[in-house]
Amino acid sequence: MDSSLAWFDAILTLTLVVVALRVLFAQDLFQAIVLFIVFGLLLSLAWCRLGAVDVALAEAAIGAGLTGALFLNTLATTRRHGDQAPPAETIDRKGAWVDDKLPTLRPRPSTPWTGRLAFGLVAGSVTAWMAAVVVPLAVSSDAPRIAIDEAMLRSGVTNPVTAVLLNFRAYDTLLEVAVLMLAVLTVSSLTAGSARVSKALPSGPVLTSFVRLILPVVVMVAVYVLWSGTKAPGGAFQAAALLGAGGVLLLVTDTQSPSCARYLRRVLLVAGLAVFLLVGLGGMLGAGRFLEYPPAWAGVLITLVETVLTVSIALVLVMLFVGTSPTGAEGSARASDETPGATPLVSRERTS
Amino acid sequence: MTPTLNYALTGVVLFSVGLSGLFFCAHLLRKILSVNMAGSGVFLVFVALARRQPDVPPDPVPQALVLTGIVVAVSATAVALALFRRLTHEPAEEPHG
Amino acid sequence: MNVLILGVAFFLLVNVVAGLVRVWRGPTALDRMLASQLFGTTGTAILLLLAEGLSNPALRDVALVFALLAPIATVVFVRRWPLSSSANGGSFHEHE
Amino acid sequence: MPVTHADACLVWPIVAPLATALAAFVLGGRWSTRLGVAVVPIVVAATAVVTWRVWHHGPQTYSLGNWPAPLGIELHADGLSCAMLLMSACIGAVVSVYSVGYFEGSTTASRGQPQKDTGAQFWPLWLMLWSALHALFLSADIFNLYVTLELLTLAAIGLVVLTGTRAAVEAALRYLLAALAGSLLYLAGVALMYGAHGTLDIASLGRSVTADASLQAALLLMMVGLMLKTALFPLHFWLPPAHGSAPAPVSALLSGLVVKGSFYILLRLWFDVFPQEFTRPLTLLPAVLGAAAILWGSMQALVADRLKMLVAYSTVAQLGYLFLVFGLARPGSDTGFAAWSAVVLFALSHACAKGALFLAAGTILHVAGHDRIRDLPAVSRRLPTTFFAIGVASVGLMGLPPTAAFVAKWTLLRVALGGGHIGLAVVIVLGGLLAAAYLFRVLAAAFTQPGVVDTNVSYRKVPRWMEYSTLGLALVSLLLGLASYPVIELLRIGSPWSPPIVQEAAP
Amino acid sequence: MSTNDLVSCVSLVLGAFFFLAGTMGMLRFPDVYTRLHALTKADNLGLGLLVFGLALQAESWLAVAKLFLVWGLVMLASTTCCHLVAQAAWQAGISPWSRRDGQ
């Protein structure tokens, strides 16, 4: 049993490294991106082997699902210029720095052997140096860690990872949600792109009915993951990633997607962070400290925060996808009005 | 070779490969991919070191940190991709637009 | 029993690594996409086996997420990739 | 433990701008400006309260969620954090006032799309940046510092691309990739430190670290990462385009405040966490690179043809001075404190002077539509206040006698000569001369009669407070010299050189 | 070894065999249309047998339900994806392989 697991680990890690190298050196970018998706799936298996199931869930949903979709989408937009689509090299030239001060190699379809040699030397020496440090750490039986057992009793939840994320280190999580907000702000300010009609495959009845069938399951599983997060692996981020992925599915099919008013969307985007802040400040008012939950209320408050966070983060993830999308048929209406306080062209003309 | 050692070493390799890729690959998309892989490498080291004692459940703190890190990474990636898209779209606008 | 389950998991991993060759070789984008789909399914199977073999039922949830999200890449791809693209590599057509 | 509400003041500099950013985002439009201005006095007051408490009661520690250090995250304020907070509050307030005028009616049309209200986008981003800065200066947890670094970077990126030009987008992408590499190196260091010592809290790390290989590796990784983020020569390649192509108030923020964030972390880790036997062999590396940065940045500034690029390269040069601290400040010795506090004082002074210069450059760009140095004489007649502000800020930047930069450089020179670092002393002097040389290129414009008055160029009107706020910031950089004694006393509180009574206050 | 375990073993081994067949097909078949067959048919059957084998070992009814839900989802997903891929291939003008033009 142990030997087959050891072999499993060996093959898995070896494949991870080979796939990573291939992502960097595969001649065409599409292959690199498909391999990157595969990399995410492999990594998710690795998290499972390390017993980090919460991380595995997030990686499966965000790493392999959403990030892959983001990359595919972006690559597709760079080839969207009609039939005179640029071959990979021209994209290279365009994509590379123009006033080239970075130590980049000449843009070529494949890295020349000198480049590979330099790459190998640098990567190899960094690996050797860091391995010399990490190996003693990894084999030492003395593993200092932060003691949480006693505090778990007052944390309001039984899943230790959720306790760390939403109670002991809730402040990290608060700032992390702010990071997501910032990403949305930046991405949506960049989205005013060209509207090009997609020449991709139309979504036929099969895709439409597939989406219709699978979306309720996605929502159901997301609710389950959120609900079980307090006592088993799962939680707000994993649930949000699932919902976000469901939203992406809805976006890329031609089905009528439930649209909501611009204002409401903005409120929903900030709701997670706002509720989190309010709960934190509430802890302060109740003769306590910022982000302190009274032990009796901890479970309820954490669930409340997680629920609102799930909705907000899911929306954020969908918006991030929209931001890297071609602003074509479904994109333009959603994306261009996203900038806060954007004034429609028409009404400006009327006033002037 | 214990799983901890195996995965921690893989993390180190991925980190170095990703970091070198960031500096040596010319194409911007590949640079963005490299950053993601280097990040995964660091996360692997984090979590692998969290389960050094096989008979004790793994330390939850690094797992929580890595979850935070994954979300930060996806935000940064989305921003980088939006910038990249803007950059590759721009020149095509002038001759055709 | 567990020996068999973990053995099968290992076998599937080897299998899927062999399947990666199709992502390598293409020749068309669709082949690569198809191979990654195979990867998703096999990954799901491996997770289900590990859940039983390591007696960690939480891994079934990961398998569930795998199963739900594996088609995302393919759907995004076919809906966003221009059909007439003549660019190499990501092309629908084999190029030499 | 009795809960005291007084130490909750540490939370407000972080929460106030963050909450306002959310409100500004939701309400949008004109409300974002109003809210942005309204929160300025609150933030300034919160900062003042924190400083007051630190001044009177010593370093303050606040356990978020009431989970004490190794388990939870703590906020920590000592003299250094307070100085940084005051710098951030001061520059933030001025930039806010300036931005009201700068972004007024600045809707940029982007390629036939509906016009974008850049101002409404500016405020949420800037308020979040402000919040991130304060979170960074107050954090006492190495992983939380990573999150604040990322928050800072993403906010900065969002601000750089506000103009939406191709140059800005390209600069932003370059900046983002460099910053991500920097934070990953830092995070790798965090992973090693947690793996070896099982804690993330700076104070407990400082107590528990032992000199071993993993710590040395962590130090190197973190140092390189943070140097990259602080744009130390030769890792500065991303800075000039980003700072040069961003909107003026943003450039002021980036040059004045954002690069100081990663420098602050390095300063803190170097003196509070890592034992001397590790840092000692490495002292010369940052110091020599700093010296090289002074020379290289100044040379580039001498040949720059645009004002904003000149100021941006000047930042590369001036950041070099900051890194001299690692070569000159020895823990334990009294000259160590002198050099350390001098460098922090220099950072404060640089932030004000550089901020003023960027704001002035922004005003010129706003009015004339260009910032070419050889065409500045034609502009100078129209903007006497702004050019006066440039003059004052230049005095602050060159380090002429009454300014804080003078006090700082003089102290550094004394310590360098006392420690036998003749080379560094020469560079300190030379850097001052070079700064004078490139700044006179700009100042000359103010005293030169325009040869040809360009009648074709239509000049835009400029709101008064844009000019006055710039001048105000420039004057602060000048007056800081007079206040340098209290600032140095403030820095002593909780510094590695302070008497050890402080440790007992926070058990 | 109980009958339960025996059936489970046989089912698992058979399932693994179908995965092997799927991979072989993926690697050996000549064009994208034929590879579709390799993927869907073998994969779904393979996963089905594995799920059946594992269901006999599962500790609770909830686990069994989850197993079959996963199987159902994978079938649904791979059916749809194969349809989409085939449609895309057809619309892009890839002609199916026939014995004449192969070798």
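Here the chain labels run A, B, C, D and E in written order, and each chain numbers its own residues starting at 1.
The working rule: contacts are C-beta pairs under 8 Å (C-beta built on N, C-alpha and C of every residue); 3 or more make two chains touch, one makes a residue touch a chain.
What you see is a predicted model, and the numbers here were worked out from it, not measured in a lab.
Hopping across touching chains, the smallest step count from subunit D to subunit E is 2.
Any chain touching subunit C that also touches subunit E appears here: A. In this assembly, the chain whose C-alpha centre lies farthest from subunit C is D. The interface carrying the most C-beta pairs in contact is the one between chains A-B. Across the assembly, the mean Cα position most removed from that of subunit E is the one of D.
In terms of their C-alpha centroids, the spacing between subunit A and subunit D amounts to 30 Å.
A straight line joining the Cα centres of subunit A and subunit E is 29 Å long. Distance between chain centres (mean CA atoms), subunit B to subunit C: 20 Å.
Residue positions of subunit B touching 2 or more other chains: 15, 18-19, 28, 32, 45, 49, 61, 65, 68, 72, 75-76, 79, 83-84, 86-87, 93, 97. Shared interface positions of subunit C, i.e. residues touching 2 or more other chains, are given as 33, 35, 40, 61, 64, 68, 71, 75, 78, 81, 83-84.
Contacts with at least two other chains are made by residues 69, 73, 77, 80, 84, 87-88, 91 of subunit E. Listed by chain label, the pairs that touch are A-B, A-C, A-D, A-E, B-D, C-E. Across the complex, subunit C is touched by residues 5, 8-9, 12-13, 15-16, 19-20, 22-23, 26-27, 32, 35-36, 39, 43, 46-47, 50-51, 54, 57-59, 63, 66-67, 69-70, 73-74, 77-78, 80-82, 84-85, 87-89, 91-94 of subunit E. The residues of subunit D lying in touch with subunit A in their complex are 3, 8, 11, 15, 18-19, 22, 24-26, 28-30, 32, 62-67, 70-73, 107, 110-111, 113-117, 120-121, 124-125, 128, 131-132, 135, 143-144, 147-148, 150-151, 154-155, 157-158, 161-162, 164, 169-170, 174, 188, 192, 195-200, 213-214, 217, 237, 241. Partner subunit E is touched in their complex by these residues of subunit A: 201, 204, 206-207, 210, 213-214, 217. Looking at the complex, you find that subunit A touches subunit D at residues 97-99, 101-102, 129-130, 132-134, 136-137, 143-148, 151, 167-172, 175-176, 178-179, 181-183, 185-186, 189-190, 192, 194, 263, 266-267, 269-270, 273-274, 277, 280-281, 283-284, 287-293, 336-337, 339-345, 348.
Those residues of subunit E that touch subunit A in the shared complex are 69, 73, 76-77, 80, 83-84, 87-88, 91.
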